[in-house]
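Chains: A, B, C and D, in written order; residue numbering restarts at 1 for each.
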Amino acid sequence: MADLLNPAAWLLVPVQALLFLVGAPLLAGWIRQWKGRLQNRRGPAPWQPLRDLRKLFAKEALVAHSASTVFRAAPYVVFASTLLAVCIVPFISILQPATAIADMIVLVGFLALGRFFLALAGMDVGSSFGGMGSSREMLVSALAEPAMLMAVFTLAMSAHSTNLSTVAEYNLAQGLVLRPSYLFALLGLVLVAVAETGRIPVDNPATHLELTMIHEAMILEYSGRHLALMEWAAQLKLMLYGVLLVNLFFPWGLAQTLSPAALLAGLMAVAAKLAALGMALAVGETVLAKMRLFRVPLFLNLAFLLTLLGLLSHIILEAGA
Amino acid sequence: MNAMAPPLLGQSLLLLAALTLFLSFALLGQTRLTAAIHQFAWQGAMVAAVTALVAAGEGARHLYLSALLTLGLKSLLIPWMLHRLARRLEMEREVERLHHPAVLLLAGTVLVVFAYWVALPIERIGGHASRNILAISLAVVLIGLWMMVGRRQVVAQVLGFMSLENGLFLAAVAAARGMPLVVELGVAFDVLVAAILFGIFFFHISESIESLDVDRLNRLSEEETE
Amino acid sequence: MTAPLSLALGALAAALLSAVAALAADERPMLFRALVSPLFGLACALLLAAGLGGLLHPGVARATLPLGLPWLHWHLRLDALAAFFLALIGVVGLAVALYAPGYAREFEKRESLAVLGLFTGLFLTSMVLVVLADDAFAFMVAWELMSLASYFLVTFQHEHGANRRAGFLYLLMAEIGALAILLGFGVLAGLGDGFAFDAMRRAAVGGGWGTLAFVLAFFGFGMKAGLVPLHAWLPEAHPVAPSHVSALMSGVMLKVAVYGFIRFCFDLLGDMQISWGVAVLVVGAVSALLGVLYALMQHDLKRLLAYHSVENVGIIFIGLGLAMVFAGAGFPALAALGLVAALYHTINHALFKGLLFLGAGSVLHATHQRDMERMGGLLKLLPWTGLFFLVGCISISALPPFNGFVSEWLTFQAALQAWALENGILRSLIPVTAAMLALTGALAAACFVKVYGVTFLGQPRSTPARKAHEVSFGMRAGQGVLAAACLLLGVLPTFFTGLLDTVPGLLLGQHLPQATAGGWLWLTPVNAHTASYSAPLVFAALALAWWLAAWALRRGAVRQVRRCDAWDCGFSPLTPRMQYSATGFAQPIRRVFGPLFRIEESMSRDEEGLLRHRLQVHDRLWEWLYLPVGRAALRAGRWVGHLQGGNARIYLGWTLATLGALLWLIS
Amino acid sequence: MSALWLMLAAPAVGALVLAAVPSLPLAGWLNTAFSAAALAAALWVGETVSRHGELASTYLRVDAFNVYLLVLTTFVGLTTAIFSRPYMREVCHQGRLTRRRMRLYHAMYQAFLFTMLLALSTDSLGILWVAVEGATLSTVLLVSLYRTPESIEAAWKYFILCGVGIALALFGTVLIYAAAQGVTGEGDAGLSWHRLYQNAARLDPGVMRIAFVFLLVGYGTKVGLVPMHFWLPDAHSEGPTPVSAVLSGLLLNVALYAVVRLKMIVDGALAGGPTAQLAGHLMMGFGLISFLVAVFSLRRQKDIKRLFSYSSIEHMGLMTFALGMGGPLATFAALLHMLVHSLAKSAIFVGVGHASHIAGTQRIERIRGLIRTQPRWVGGCCWGWRPSPAFRPSASSPASS
């Protein structure tokens, strides 16, 4: 915890948060644009989501008669917890003091907290769609969380730490070694990310056919700034998973000192990696079709299996590492 | 009784004891009621004779009294009562069908052997004679019990019980030259009362179930209460 | 250290007094509010003081009660472990004491307050005695008293046949468990010299006998703690008791069972064996998972909470199992971590389960409903209860920054140290149990989204739910205390881990190396490099982020919100019947985990031609374990019945046979 | 000494007097009075014993062990007598009994008390036997008092089984006497319990082993040890309730008392031998079997009096186990349990008689909701049910020590 006392490092935290806040809509827009291109249409500009957010913030908020305070508090809780989550991942620099405040497990906890209130909000209005969305969301998350933690454990057990920046540091120090455990963990985490962020093939962010929605069904009743917060939180979550994938498994380029140059380089590297990831995701969403809800468990079981394999192969093949 | 006792005495004792045993075998196999009662009376007489002999041999005065008690109770009073009952329940002619008489008797012999085997370790009391008599009395006891298990007719069961008591008396006399007088009297009293009660029960049973077959006494069964 | 003990004895006296005072409460309900409950509360306050005192100044105090047998008086002993559990009993009891008077009002007409007060007092007394007992004799007597008092509380409303059945099942299993514990103590006492715990400690039984004793104790205490597959009595018995008693039973009595297990295995038994730890670990994990799955299928509020007790006890035993494995493998520091995690979850579960049961009691009080399908929208009618219940839900779902999360985090940290073990099997087994724990946590979250969403959110589903009213101040205060405690333990974990640290110091002779090395702000169970968690900062940051968002929007263009109807796809407006029901909410999970349940589903048309859907989800363990055992007992009974066939000759035959057999035996 | 004679005289005289008294109400009162006299005398005895430590004559001997049983017996005798007066009057009014049988009942009740007290206070094994047999004979007619086929059948089985058992016990007694010949000499000394106890070491182990087997089977039949217990549920369930109460509350205790006394001698005789623990182990075995079988029968009983008679077997098994185990704690627990069980069980039978009287049936499922109508009775029964769990720890803790 040497860098705990480093004010510059602490200064990095809000900066990174801001970068996230801006970057998340951009990433979403980027993916949307690429999907458009792949579907032979000119997709919207990458900064379209930012425009949407601004518009939504300006609109008045409608709240159903039957909604209670939970409904109005939920967007803030969801947004706050997601924001905290993004504050504790090493984004552009490994020197990320906030990771000491909360480690990987707390990260999972933050996401769970957000989801908890999201689902409550879905049930609050008392329309059948919200309940349906909440029910499905909780199923998906319940199945995704163990897989997520298994992947986390694989990293944690090889780095002997659950501190994210420590893990990234460790992997960076290791250099590029082909580890079956990491391969499995990576694949598993990708699947989890897809499920958790409600992308195809688990959920379709673009759909508005009630019976197929998961995430959209929960926020169906939201409007105005509440909706904006919800959307923003969702985009943050998407980007968060992206950053986790790229920075934990491919930590190259992360700044190891606090010199402006290093930081800038780190930013560039991350941006490049995320862009690549975004394209890959767009491709995936184009070629795949959304699956039936009751095939999702199989999908997630596969994820769990992969991560478990990762853990076991770490323990058996790379024992003591 | 110790070795100084004249051999004749010991032999006659053994003879009587053996007769007692034989009689309980006869009882075990006997299906005709009146005959059974007679045999039982004879057994009582045998026991009384043994008692008297020991009394003579040992010069133990109080044994004469117990001999008299035995004679009076076991071979006169109780048989007489049984006869009266049998007549009043008109069942002198009654003959009980035994299912497997051979098994009954065979098991009896097994019991005798068993009794000897059990009595073997008993050393310190008196001489061999008394030990053998003890074994015989044990056999009589077991056979009496076996008779109660094997015979379904109430009177037969009572006879089994009584001959079991005969075995006890025999043991008391043979092994310990009789019990102290107070006990003797108490025992005799109890036996008497028991006999009377048996008499009462014959009537109750025969009027509650129109027969004296104990296998009919099975209202208080817990089978299939589920 | 003697001061805490005298405090505890005072608490005993107060509890007994309240029990006695209750006897007169039938005619004068006033007495119940004015004397019985205050005495109860006093007892609990004393217990809390005693417990904290004992934890702050670790040490051992002894006393002897002139009770029991003339030559075997009851020995009492207060050490760190006992102190911890006294504090636990105290804090939950305090809330219950605040809550009880208001709740008991509705019994005033129909039921006997005397019975309620008497047995509640006895219940408290017996639990304190169990914790304080220092010889097997006192322990068992107190244990039996505990079972019996709680039995009478379970059958308090004995008009309902269901309650009587539940009570019978409870008593039966409690007695069986007690017998097992007794035999366990018997083994220790037999190999040691006598029933005093000191003698057993000296004997330090290990090896085969130790394993036997462990198995017996694990069975007995596990049955009382409600571990799968011995949990069947729990979801029957806890819901039918009066709610504040359910809070005591679920929140405290199960913990007393945990106490017994810790005392037996960590203190009295000899050196730990890895295999024991593995057994505890696996059983704990299975209990946690099955518990939460069955809980998801319930729509009776209190029954659901009871099943969650099974789950949480499972989590506690996971922690204990880890501690035992590490202790057996010779890593006292890690064992201490596991133990602290388990203890932390113990107190946490006591707090939030107590809170939830009190909340359920308030709902029951307000709506006279236990079936969630008939509730809804209660948050508007019972704002305070709703708020406290929400706190309980977040805590039990192990979400930051509340207390449930801290203990699960510690448990995960302990599990993550598995790489230290040599044995590859263990190294792979422990993370898998950790994954089961994760699944459990996620499912618990799902379950409480269902509970809160169906009960407090949405629109009322029945008239009573529409007519509900907020409960009296005392009842709210009782819940408030526990809710505050939940937040406190969630935000200041370093302080409490520091307190708990004395327990492993007592049992394992090992403190957490540097749990609070980084100061009160940083919780670093192993070391700063491995993992760190700063709950206060997290809490602050969460508040800050919320405030920022709100503040930013406050300056936004449009302030006010407009109320309107919910989106109904343009058809007729939504009715409460259109809402998602609890059953519907759990349907996907029911379908995914189908094989674990015995599901009876049927559709039928009733006379008006309306479709009726009937769904019953049963605990498979009934048909796998309990029914066979029951049938076996029945067969044995029938066989015994055959003995009593009614034929005197056969009876005589038995006598003869016995005689012959015995003579044969001795010759 | 005179206290002792008085205590024995009270019921003896009572039996004779009540046999002569024709008037029913008077008989009821007399019955109570004589029982009360017996209790008073027993207390007096207790007081003297507590002062002198022991009270002995040629045939009688009261020490710390049996004095408390004496007081207990007379106490239960009194309480049951008090209950039986109105109860039997009620029964008589219902016309289930004739006056003659009521006379029989009262006389036999006193006679039974007399035999109990004699058995407890005597020092001679022979008289002990006579008394226990006398107890059987005096209660047989009480069991069949109603003259229903069931009651007659029950009485017959009771009579036959206990008769045989007792006869076997006599055989054992004879063997002991025989073994004692060379040691204590002939005559009453040979059966005097304390003489035998003093010289136990010099008795022939071989004989004593066989003797104990016969005695255990014999007196065990009256204790109700499985598999000699078959008479017990029948007799308890068919007889009039006061009789069930005294049978279960007193007779079983006395039989167990006899077994214990004999065990002490046999232990002395076998001490140091290869089978030193024989007696204890046999008792533990029988106790365990009885306990298990009783437990299994308990859960399928529909007749409430049968139920409680099985619970008597269960408790007796428990006590036998504990006594067989020996050791101060176990013995103390067993005696305590005996005390509580006698009081509770007689109370319960009284209560149950009351209940089945009200409900007009002995089937449990028809006896319902009594806690509403008869709270006091239910309270009594709850108290009666208590002992089994409460004392189980104390009774079986030393199992392994």
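Keep this in mind: contacts are C-beta pairs under 8 Å (C-beta built on N, C-alpha and C of every residue); 3 or more make two chains touch, one makes a residue touch a chain.
Everything numeric here is computed off the predicted structure, so don't read it as measured data.
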item	value
Touching chain B and also chain C, the following chains	D
Whole-Å gap separating chain A and chain C, where each centre is the average of the chain's CA atoms	35
Whole-Å gap between the CA centroids of chain C and chain D	46
CA centroid of chain B to CA centroid of chain D, Å	28
Between chain B and chain A, distance of the C-alpha-averaged centres to the nearest whole Å	98
Per-residue overlap in chain B, given as positions that touch at least 2 other chains	118, 121, 145, 148, 157, 214, 217-220, 222, 225-226
Chain D: positions in contact with at least two other chains	156-157, 160, 164, 168, 210, 233, 297, 300
Junction residues of chain C - those touching two or more other chains	634, 637-638, 641, 644, 648, 652, 655, 659, 663
Contacting chain pairs - touch in the sense defined above	A-C, B-C, B-D, C-D
Of all residues in chain A, those that touch chain C in their complex	1, 57-70, 72, 76-77, 79-81, 83-84, 87, 100-103, 105-106, 109-110, 112-113, 115-116, 119-120, 122-132, 134-136, 138-139, 141-146, 148-150, 153, 156-157, 160-163, 166, 210, 220-221, 224-225, 229, 293-294, 297, 304, 308, 311-312, 315-316, 319-320
Interface residues, chain D side, partner chain C - complex	156-157, 160-161, 164-165, 168, 209-210, 213-214, 216-217, 221, 227-228, 230-231, 233, 275, 278, 282, 293, 296-297, 299-300, 328-329, 332, 371, 389-390, 392-394, 396-401
In the complex, chain C residues that touch chain D	69, 71-72, 136-137, 140-141, 144, 147-148, 158, 175, 178-179, 182-183, 185-187, 189-191, 194-195, 633-634, 636-641, 643-644, 648, 651-652, 654-655, 657-659, 662-663, 666
Residue ranges of chain C in contact with chain B within the complex	634, 637-638, 641-642, 644-650, 652-653, 655-656, 659-660, 663, 667
Chain C to chain A touching residues, read off their complex	376-377, 379-380, 390, 394, 397-400, 405, 409, 412-413, 416, 418-419, 424, 427-428, 431-432, 434-436, 438-439, 441-443, 445-446, 448-450, 452-454, 456-459, 518, 522, 528-534, 537-538, 541-542, 545-546, 549-550, 553, 556-558, 560-569, 574, 576, 578-580, 584-589, 591-592
